[in-house]
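The first chain written gets the first letter, and so on, giving A, B and C; residue counts start at 1 in each chain.
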């Protein structure tokens, strides 16, 4: 009874809404000072702010609340730049820096070293999950805690050198006086060892986090050739390259990118082949990148390239070590970055974007067939819809009469003009493509293709589009998949729309204008000083051995001329010396 | 941008080829057939020989002026005034050439493809392409020319060989056409065909060494003359005189006749692509030279801001002739007959005077020593 | 600054979109156009011209939508107007036809005989000036008095295909294997109309006259002029063929022109000779009387082996023309059973065939010179090479000199293959009848 009453009451009587404050993201102090953050600085009071001096603007831009803490850290760094002799001071400082115990995965363990009849307190600090616990136990803690009892023949009175030379049985140890080095090491999977009474600390590399193993590359699959792909670890990647080239002239120069993320990168080149000024330029650009965090070579590529507005890529990213190795041996430069399975190589010309690594591994007639198919695919994916519009709307006399009547019959019931039809179909295709990436599970790709076909068929039956159009859009889409370089395929997807519009405006004249403008833009583009359309553009000497069609491997004697390498010849004129039957045996 | 533009021989030769052979796509074979009847192709060979002779003289004289273009020579001759004078003459000549050609291309395209669009719409396409090409400079244009020329050649050969079944040797008989007098004497003024050679004189500083200059000129003349001859010859073989005087756009007429069975008919629109591409490259090159000339004549620092006003001037001028017939008449009667004066006559004159002046100066220096 | 750029961009984009999406000036959708396949021109009763258009109806032809592809009459629509000129006729037709007429797929131009005899140059010029026309459309002349072009076009109802364009293309290219018509393309017609050294021809077209088998006769055939007792296969002109069937339209023989005016006709067999002399002959089946057994036939498949050699020289004011025709033949049928395949008898066969063809060509050439006075085969082109300049050639005036020519014909025929039977058995002995 009372429940029914209660129910009626709830239903009929007005109830005040509960006063729950929803969460509002308040502005920070720093942002309030700068007038709502960096984005609006220009809009509001350009004059005012500029007059107020640049210092405040600078502080506004980087103004976060964390600045206060950073300021404190920097302040303390000035005092605490160097490691103190007292272990407790160091431990206190570390606790503050790493926000222990709030920061749950930091481990700070204190222990004691017995060395030569002295007991010295020490501590070790590392991130759980990023380090290999076994190595810490067996190579660091065990010798320091246990084996220091063993009688060791040595004369050092200095604890540190004793510990370093005899006790720490680890293969990578750095001795440092500054906190910054230890902290950076700890952030990246190392451990810091502090010993009481000395003002230096050890930083050891004990990386051991979970990572993907070396698998097949995901994007560049070949039938013939090695099947290894890069992983996310820097050292694994450089090792994969180095074990192919086995050249002591292969330099892997370390550069750090990112102010806060301090991502290690490797600049790789072969010292006596690559052009010095090219290497210098790449190095200069890498060092001149100012950014907080960097995550992937995709971002690195966009920060390095010459012209961000050009739709064709100027740097090639690849997942295959053998491809990087072959490009390095031609005289190019590669940048490997920690955390990204894609390695970027520069400089790049248009023909590199159409190469697949398989071209070198299969026999040259097959490679030429593949290349021709690819070139046809490129032109088709770019021009086919535009050509269709141009022919059916402007140049009717080109179509054979039978085909013309067939097209006309099928278009009779379609309400849209051809341009709109094509734009609808293209858009639908792009939609399916984008959605197909995210459909879960194994049905994903299949569903995408079947969906496209069924959708197309249904559209034809409903007389929304004509069947010829389905074929054209499908062939175009497939053609764009045949392009080996992913970015170039993307670029052409964008250009295709421009060509459709141009064709709708003026038929073949529009298409030619589009080709002309694209030609001009491509030929004036440079990728790290190399003209993009070499060797068609500037007609270089060692012309066409490998650009358009491929000559047999024993004919490729010179490295590409436009790279201006130090050693132009890579094979002597006769590389198959076994052909020489007996007369001039060497 | 201004300092170090160099390009190789292939690009320079391609630019020359496009400069000279573009008129093949307009109304060149018809003009040859009008002058010389069925012997039009003989006329070309004769004109080539004449041009080669003239060119040998010119390049010999040019060896003293390595790396200088015609404006610099004008400066050597007459100081600032000489340079301005030569610059203005070349400017007028080029502006005239480009606006006539632009109009012709636009009208031709209107007749064969876009019949209902207003002429300014068609010209707009060409103009936009022209402006973009000239803006980016001669280096990308040279490279693009080096890429486009082989493609155009292939297309051209396809058109020519597609009409094989219409060839008939009797079409080029009688051999001497309208008579030797007509061919040799009247036809001598037809060396204006090679007036595109004046681009070479402007490109000299980009090419550098004198032997390159010589090679570029030689190859340019020989290759373009080869294609002009073949084009005219095959045109005359397929379409007999006097009908060859009637058709307009001769190469287009040839491509209309291609007929391989039931399927491969009327593919002349593919020809439109080749032809328009050549037109765009030619027009942008000439526009670039116009702005370049202007900048150099008046000693300005940059040429890029000049592109926009020059484009507008050229576009407006191209709309001046009242009809296509008037434009063609201007082109063939007026322009082609006097163009050789600018290209060959003035150049020779300048070079002679310049050599004399230089010798005097050098002689003076030697005597001082 | 940013605002300005935004405004400029916006204006630019709007202009751009409006020019593209409003289907600017020349953009015509494929299905907004009508394509006439054949155009017929007759002399009008009330006006200069009667214009007939045969239009293809796509929906009946297209992909099985209307059920059953080879529908004869549904896939064509024919319309006729009376008009002063071609373009005014097109204008008039455009008013009642829903789609705009586009001439770029017209395969065939049919003129009526009356119009052809008056002179066709006014119309040919107009047609060639338009870019839409195909230069390789065929020129046909419809035989007979009255508005024959319209009758012919209406009679074309394709049996074996759905698309009338295909019918025309195939039928008019049949000269390659029948020899009874020629490659009379529009562009050649125009060239030869204004030429001094060769005259144009057009294909004769007609409507079959016989409705049922009982009516067939050979009255109109030319076999009597050739002193034969019965007509051979080429002795007809279009419209006279002794046939009945669904397909009523016929093409056979050529109309001979001088300049732009029709002066006469030649029948199928003479067309073969025309092709032989001008060098455009493909191959055909020829029926020849058996040299030994005069009542039976030998049928050869004759092919041109080399282009003919023509020589002309002037004797005084009269041209003397010598023509050498080189042919090859395969034996198709020997009705008498005589063993012509053997190497001793084959020369008999060859000589008889050469004699037959030679007399045919002689008769034909004489006819072109004396009766028709038109240099169809282009003998004048050989003459042209003897002159140095064009004005000399013009002064020579070959056209008026042609009618006095004498001809010297020689034919060289070689029999190459006998088909599958290498030796004819002596069938009379096999049948047991001795003779």
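Following the convention adopted for this analysis, a contact is a pair of C-beta atoms (placed from the backbone, for glycine too) under 8 Å apart; a residue touches a chain by one contact, two chains touch by 3 or more.
Note that the structure is predicted; figures quoted are calculated from it, not measured.
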{"item": "Chain nearest the global centroid, as defined over all protein CA atoms shown", "value": "B"}
{"item": "A-B or B-C, whichever has more C-beta pairs in contact", "value": "A-B"}
{"item": "Distance between chain centroids, defined by C-alpha means - subunit A, subunit C (Å)", "value": "69"}
{"item": "Separation of mean Cα positions, subunit B and subunit A [Å, integer]", "value": "49"}
{"item": "Chain centre separation in whole Å, for subunit C relative to subunit B (CA means)", "value": "44"}
{"item": "Residues of subunit A whose C-beta touches two or more other chains", "value": "394, 397, 506-507"}
{"item": "Sequence positions of subunit C contacting 2 or more other chains", "value": "24, 26, 104, 134, 166, 169"}
{"item": "Where subunit B touches two or more other chains, by residue", "value": "113-114, 117, 121, 262, 265-266"}
{"item": "Residue ranges of subunit A in contact with subunit B within the complex", "value": "391, 394-395, 397-398, 400, 506-513, 515-517, 519-521, 523-524, 531, 533, 536-539"}
{"item": "Complex interface listing, subunit C residues touching subunit B", "value": "24-26, 104, 131, 134-136, 166, 169, 187, 190-191, 194-195, 197, 378, 381-382, 384-385, 387-393"}
{"item": "Touching residues (chain side subunit C, partner subunit A) in the complex", "value": "19-21, 23-24, 26-31, 33, 35, 37, 56, 58-59, 61-63, 65, 102, 104-105, 107, 132, 134, 163, 165-166, 169"}
{"item": "Contact footprint of subunit C on subunit A as seen in their complex", "value": "392-394, 396-397, 401-402, 404-412, 414, 417-419, 467, 501, 504-507"}
{"item": "In the complex, subunit B residues that touch subunit C", "value": "37-38, 111-118, 121, 168, 170, 173-180, 239-243, 256-257, 259, 262, 265-266"}
